[in-house]
Amino acid sequence: MRDVILEKSKALLPKMVAVRRRLHKYPETGWLEFGTASMVIERLQELGYTITMGEKAVKKDVMMGVPSPDVLQMAQERAIANGADPELVKKMDGGLTGLWGDMKCGGGDGPCFALRFDMDANDIVESRDASKHKPAKEGFASEYEGAMHACGHDSHVAVGLAVAEILADMKDQLNGAIRLIFQPGEEGSRGAGPMVAAGCLDGVDMALGIHIGAQADNPGKIQCGARKFLATDKYDVYFKGRAAHAGFSPHEGKNAVLAACSATLNLHSIARHGDGATRITVGKISGGQGRNVIPPNACLIMETRGASTELNEYMAKEARRIIDAAAKMWDCEYEIKVVGAAPSGESSQEMTDKAVSIARSLPEFTDIRGIEDFAGTEDFAHMMTSLQKKGGKATYIQFGTTLAAGHHNEFFDIDESSMVNGVRMVCLMVWDSLEK
Amino acid sequence: MRDVILEKSKALLPKMVAVRRRLHKYPETGWLEFGTASMVIERLQELGYTITMGEKAVKKDVMMGVPSPDVLQMAQERAIANGADPELVKKMDGGLTGLWGDMKCGGGDGPCFALRFDMDANDIVESRDASKHKPAKEGFASEYEGAMHACGHDSHVAVGLAVAEILADMKDQLNGAIRLIFQPGEEGSRGAGPMVAAGCLDGVDMALGIHIGAQADNPGKIQCGARKFLATDKYDVYFKGRAAHAGFSPHEGKNAVLAACSATLNLHSIARHGDGATRITVGKISGGQGRNVIPPNACLIMETRGASTELNEYMAKEARRIIDAAAKMWDCEYEIKVVGAAPSGESSQEMTDKAVSIARSLPEFTDIRGIEDFAGTEDFAHMMTSLQKKGGKATYIQFGTTLAAGHHNEFFDIDESSMVNGVRMVCLMVWDSLEK
Amino acid sequence: MRDVILEKSKALLPKMVAVRRRLHKYPETGWLEFGTASMVIERLQELGYTITMGEKAVKKDVMMGVPSPDVLQMAQERAIANGADPELVKKMDGGLTGLWGDMKCGGGDGPCFALRFDMDANDIVESRDASKHKPAKEGFASEYEGAMHACGHDSHVAVGLAVAEILADMKDQLNGAIRLIFQPGEEGSRGAGPMVAAGCLDGVDMALGIHIGAQADNPGKIQCGARKFLATDKYDVYFKGRAAHAGFSPHEGKNAVLAACSATLNLHSIARHGDGATRITVGKISGGQGRNVIPPNACLIMETRGASTELNEYMAKEARRIIDAAAKMWDCEYEIKVVGAAPSGESSQEMTDKAVSIARSLPEFTDIRGIEDFAGTEDFAHMMTSLQKKGGKATYIQFGTTLAAGHHNEFFDIDESSMVNGVRMVCLMVWDSLEK
Amino acid sequence: MRDVILEKSKALLPKMVAVRRRLHKYPETGWLEFGTASMVIERLQELGYTITMGEKAVKKDVMMGVPSPDVLQMAQERAIANGADPELVKKMDGGLTGLWGDMKCGGGDGPCFALRFDMDANDIVESRDASKHKPAKEGFASEYEGAMHACGHDSHVAVGLAVAEILADMKDQLNGAIRLIFQPGEEGSRGAGPMVAAGCLDGVDMALGIHIGAQADNPGKIQCGARKFLATDKYDVYFKGRAAHAGFSPHEGKNAVLAACSATLNLHSIARHGDGATRITVGKISGGQGRNVIPPNACLIMETRGASTELNEYMAKEARRIIDAAAKMWDCEYEIKVVGAAPSGESSQEMTDKAVSIARSLPEFTDIRGIEDFAGTEDFAHMMTSLQKKGGKATYIQFGTTLAAGHHNEFFDIDESSMVNGVRMVCLMVWDSLEK
């Protein structure tokens, strides 16, 4: 079986490249993955998986950070125009773009192994510079303005569909169950919560999440476990002041932009914590109406992070106090909308050890790591900690590639051939666990 | 004649109200006055005025702050959809929405008297609160999202067309020439420059600009002259940094939003000047791409002002240094685009005296002022100083009304009946100067 | 008499220069004028004036901004060491350094004319650069570290004593009463209040305050009246946070310096007022304990100003809200101590007219002004408005000089010969009013 | 021998308490340890150690952050007044307060073991609240205003002298050499450099530094090694602007306090680094001259830190750019004086293992740790890395105590009985290494 996995994963590379480039060209951000999800569903159905989707896969009333109806509508139309099945898209109305595919293997009395692949893109304007950026040069750069697969989730879906194909072929040599979870809204830490709430981990015994690149910043490196995921809170902050004529009566205004700017500067000044890593980012700011109007409105799109849930709580508490004071400072009202959140977490030691031993059997990997600190946030931490609380096991594997630029940069790109290693690790993990 | 003017101005009120409300409903901001200008042109032609428009009325290469082609296109389509003549709209391609109408009176050897009416709306979201805001209650609130006549220019056009009608009727009793200048882009101090450059003051001997409300904040008040107009510079400032993943590698970013926020706070901290009034406003801010991306871009829409050209130069010099330093502070590049400018200015004493004496003859005015300090900016100051340099005379009259809220506030509204007083002052000024 | 005044004022110049240079060398700031006041008292007594001093001249319980006992003690010792009479100094214990001298003239049934001379120096480090700064070159630069006569009050005292001498000589030619008020703490707007409360204006019919330079920035200029004095509030603001180790546990601190810095930046950003001039200055900041300690304390020495009492109230209200919010922003406590205040005010028209006419009789003055806007604060405004409320009249005269650098600059210096003109104006004003 | 050490260390506790309290009462900050050093020298001489002091122990030309001559003078006088030998104090002129004592043991052909004890206090105002703070209650709170032993160095000296006494008694049972280094200026990372440069590690084979408390925050805890010391840079930053009258001509000023405040806020906003811990603290700020003077000067007392030398370099580079830009922003000049610096470092594994094994032999220690991350800075890291580069070995031991409040807090206090454990660890380490 091992040889089959090694061969097939290589043979599937062209198919993976095609999938990845298609998704790269049509990148869909959180809760807008209508085209991506439709393609995944159709392919999983072809391969014989049973699909759970729509309201059964995403619990509506715990969704956060859902785009406005206009934007949802536009994204649905766009997906259909680019080939998505209108009926599937309709079932995802309201942004219910998460789904999973189930397959019984062998007698089915073995354990249930879940795999998580994330599908969403970033709010980034991709570089169009053909001289520096391969997607631009080879014609698969984003055609959706303001969105870009700058974190590699396009390749995760490609890997997921290749895995789906190989495991479907192998199903009689296995014993247990396979669940392939395709998650929306990993960016913004929005997707895992509503899927867990809808039951995506029910009956699951072990779960695996993967990521290309990140800490595995060269093709030979693999990180088989992680801890100290950055717990996070995502806030949209709205300041409301009062407009006034900037020439005649600036004193009659309540300047919401000054409140927002003062908040931003002071938020970034929150004291570093002596106990571990923290982060704070005001990723977007907007405010004001006209050049000669004292701005009556402003908005911050922001997040806090901490290497433990407690550290993030410290940041969140400081941030809320500063926002409150910045509003008062300029006599404004404000509202904080929580639009996302993720806990910290730590890989199960046993599953990590298994992954390390499998990685050692693959000569491609020359730098193999166990559980190390993770300097970023992962919505998968939500699934991992949820499953561990129920007695299950989970880990998170980062497999290496060559990065053209850092994650979330406009020049981000991967070495597509690395996807083969990802497929191998995932299939070998499943085989090792469900082997008859 | 005086009685005719008094009667007719009153009789035309319903017509003025209709024009004003139509424009209020379809407010067009600077260089987008396609519908407004089309309506004005058609009416002036009916009344027998000779029209100068398009490239002949607006010098293209000195236009500043012109919206993008997309926005221009959208505004043209919108105007046509709401009834504008497509051919006229086409002649204004590129935002050439300024125009003037000429009429010879009597023998025509008397002086040429120019009147300036501004047509543009503000970048403000109008209140939709029918309980507090009459335009919302009576159904003529803005239907163009993000634009609002919050400075009364809708009423200026209404007054202008009423004046056009009365003067056309009176033309045989007058001797000289009348020029009715309908100006785009007063907000942002963009329209006067290109119209003066195109020749709108050529052959003009005296000019009058008017404004409803402003310092004349009750129906009985009239301000017949002004000085210390706030000279102004209008800048669009672009900061360019570098994107990075806000969790993994915030240190790799160059945070353009921090540069913009630091600039904004420090700009507002520029020292007040000991010699007179100054202003600075960052009216709009925007920046960033995604919540979890160190923001690589930011933009400030701003202005400086000063009660003399020198005071404004002080502000502009300080502002440029602060912007430069804020960019350096966060290792960003930047660009300052100058998108508007107006000088200070002072009414001619003689014309002001004439206006005062006419105002005294109208019992509606109970609080009549001569030349006083003006606490705002007026693009008309450009016309006034240009004409004075050529030996002409000019003044600027503010006639009173009851204001529902301050200028540039979302609840701004006027008492429409005050338009009658505006028409009377203008017509009497012309009659006094061109009387046979 | 006029000729006597003109001659004597000139003859007294060397004496005035000596007094002014002595005071320049030993500059005493607010409530510390022990040496200055002692010298004034001794000289007035020699000339036959009746002295009111100590608690009778300064109402103790309304004094603001009094230095600490240590500083008062040090200043008293210093004054004695430099020649002050220990008994006089003792009577001024607690900073009671204000005084006035009274003289009946003629029958004494004419009006009472008060003259106000301020005595205090500034908190400024004087330049020691002998190549650029005359006091340094000629050996009369400040010997009291951190204090400097950078506003000319040293010359005011010199003028006052010359006036005292001339008027004493003239007393039989006059009819009424003369009161020479020597005021401490003009800087910081602290001295006038407690002196008025102690009765320095009781029985006074008219009052005159003078200033060298300021708006009269050349020897030929004289400003005979003023209005729109900047009303002012003076605050000392204390922030209290919590210290913590800056390496191990910065998160345990409450950073009072960040509160103070955020307050300072935002205070300077208070919107300019559409109705007139405003000012805000954080003149001094201090905070923190050690380099590697999160700073638990900070202090701002600041002031607000406005061209009317209302404008200053606007600034004060904004400032208090911003300070409150800045403290909250960094979880600090705070206290605002009011240490000074002055109202706005306006010269009496009649007295100003008299001064204009006297100035016209003096060929030295070539640029003579009546009541004009004053761009600064004057503690004399307190006396002026107090007297006007009681039915008296008052004005404030600025007489010109050549300034080496602006007021409150470390290179500030006057042309001493201008003191002669000051003496002439004052004596002629008194003579004109009290002439038999 | 072990029993002797255990007994004697206990017997010496009262002596240690006396030393510690005396030093606590007279805390001397960096380069001012005249009294402390005099006492140490006299005691070491009594015990038979050979002293190296003055210019031989501290290399003058690499000293940083030396106080002004006035302050040095005052501290010398103060020390003498409190009993220090004037001749010794004189030899330390200029702040040369570092010293070491040498003793040959046995044949002397064994290795040379150096011990480092730091002597300086913090710039902190100690609490005088007798109800909450034991030193205040029992009468040994600081009598030197603005200085406090808030980091426990007073106890380090007490431990050092007890160790000196025990080792002197044991010298015939040992073989090799002992060097007791008493270091000034640990706070501010100033003392180690000039002592290393002067040769304090010449001939040394192994070195041990100790600290009470810190990460060992309870009596049973001991941390036998450390890594990731925060590398640090210490800067004094001076801004120079221009003074102006805050009422008449604020626009003529160049506001150095706004430069300093803007720098401070933005410095604290430097992006957290993805690779590890960083710190930045503006510990002190001061600026301005008078309340109504635009402040022409300001100063920041600050530091950067990083968990590796590279991380600190990142912070330092960012900080320098921000300071430069803040000065430019307000048109000021500036100067950055480097007044301290320390590298990162890591304990030698072998010495750490030895310490762990000794700690295990002492029942007082219940929580024994090896090399762990250190979240603070230690000037000893300079000695450690210097010695390791020459082939020597070193480690840094933190031994537990009960802390009344965090380090550098005004309520900081230790449980004095813990000093016994410190003496035991140090003596046993030496005995283990130099045992015949």
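Letters A, B, C and D mark the chains in the order given here, with residues in each chain numbered from 1 onward.
The rule we apply is simple: a contact is a pair of C-beta atoms (placed from the backbone, for glycine too) under 8 Å apart; a residue touches a chain by one contact, two chains touch by 3 or more.
Please read these numbers as outputs of a predicted model, since none were measured by experiment.
With contacts defined as at the top, give the pair, C-D or B-C, that has more of them.
Result: the pair with more contacts is C-D.
What chain is the most remote from chain A, judged by the mean position of CA atoms in each chain?
C
Chain B to chain D: how many Å between their CA centres?
Roughly 66 Å, centre to centre.
Indicate the whole-number Å distance between the mean C-alpha point of chain B and the mean C-alpha point of chain C.
46
Touching two or more other chains, which residues of chain D qualify?
Residues 245, 247-250, 252, 258, 262, 265-266, 268-269, 271-272, 274-275, 279, 294, 375.
Give the list of chain D residues in touch with chain B in this complex.
Touching chain B from chain D are residues 245, 247-253, 255, 258, 262, 265-266, 269, 271-275, 294, 314, 321-322, 324-326, 328-331.
What part of chain B is in contact with chain C in the complex they form?
Those in contact with chain C are residues 265-266, 268-269, 271-272, 274-280, 375.
Name, in rising order, each residue of chain A that touches chain B in their complex.
122-125, 146, 151, 187-188, 214-215, 230, 232, 234, 242-250, 252, 257-258, 260-262, 264-265, 268, 279, 281-296, 298, 301-303, 305, 340, 375-377, 406-410
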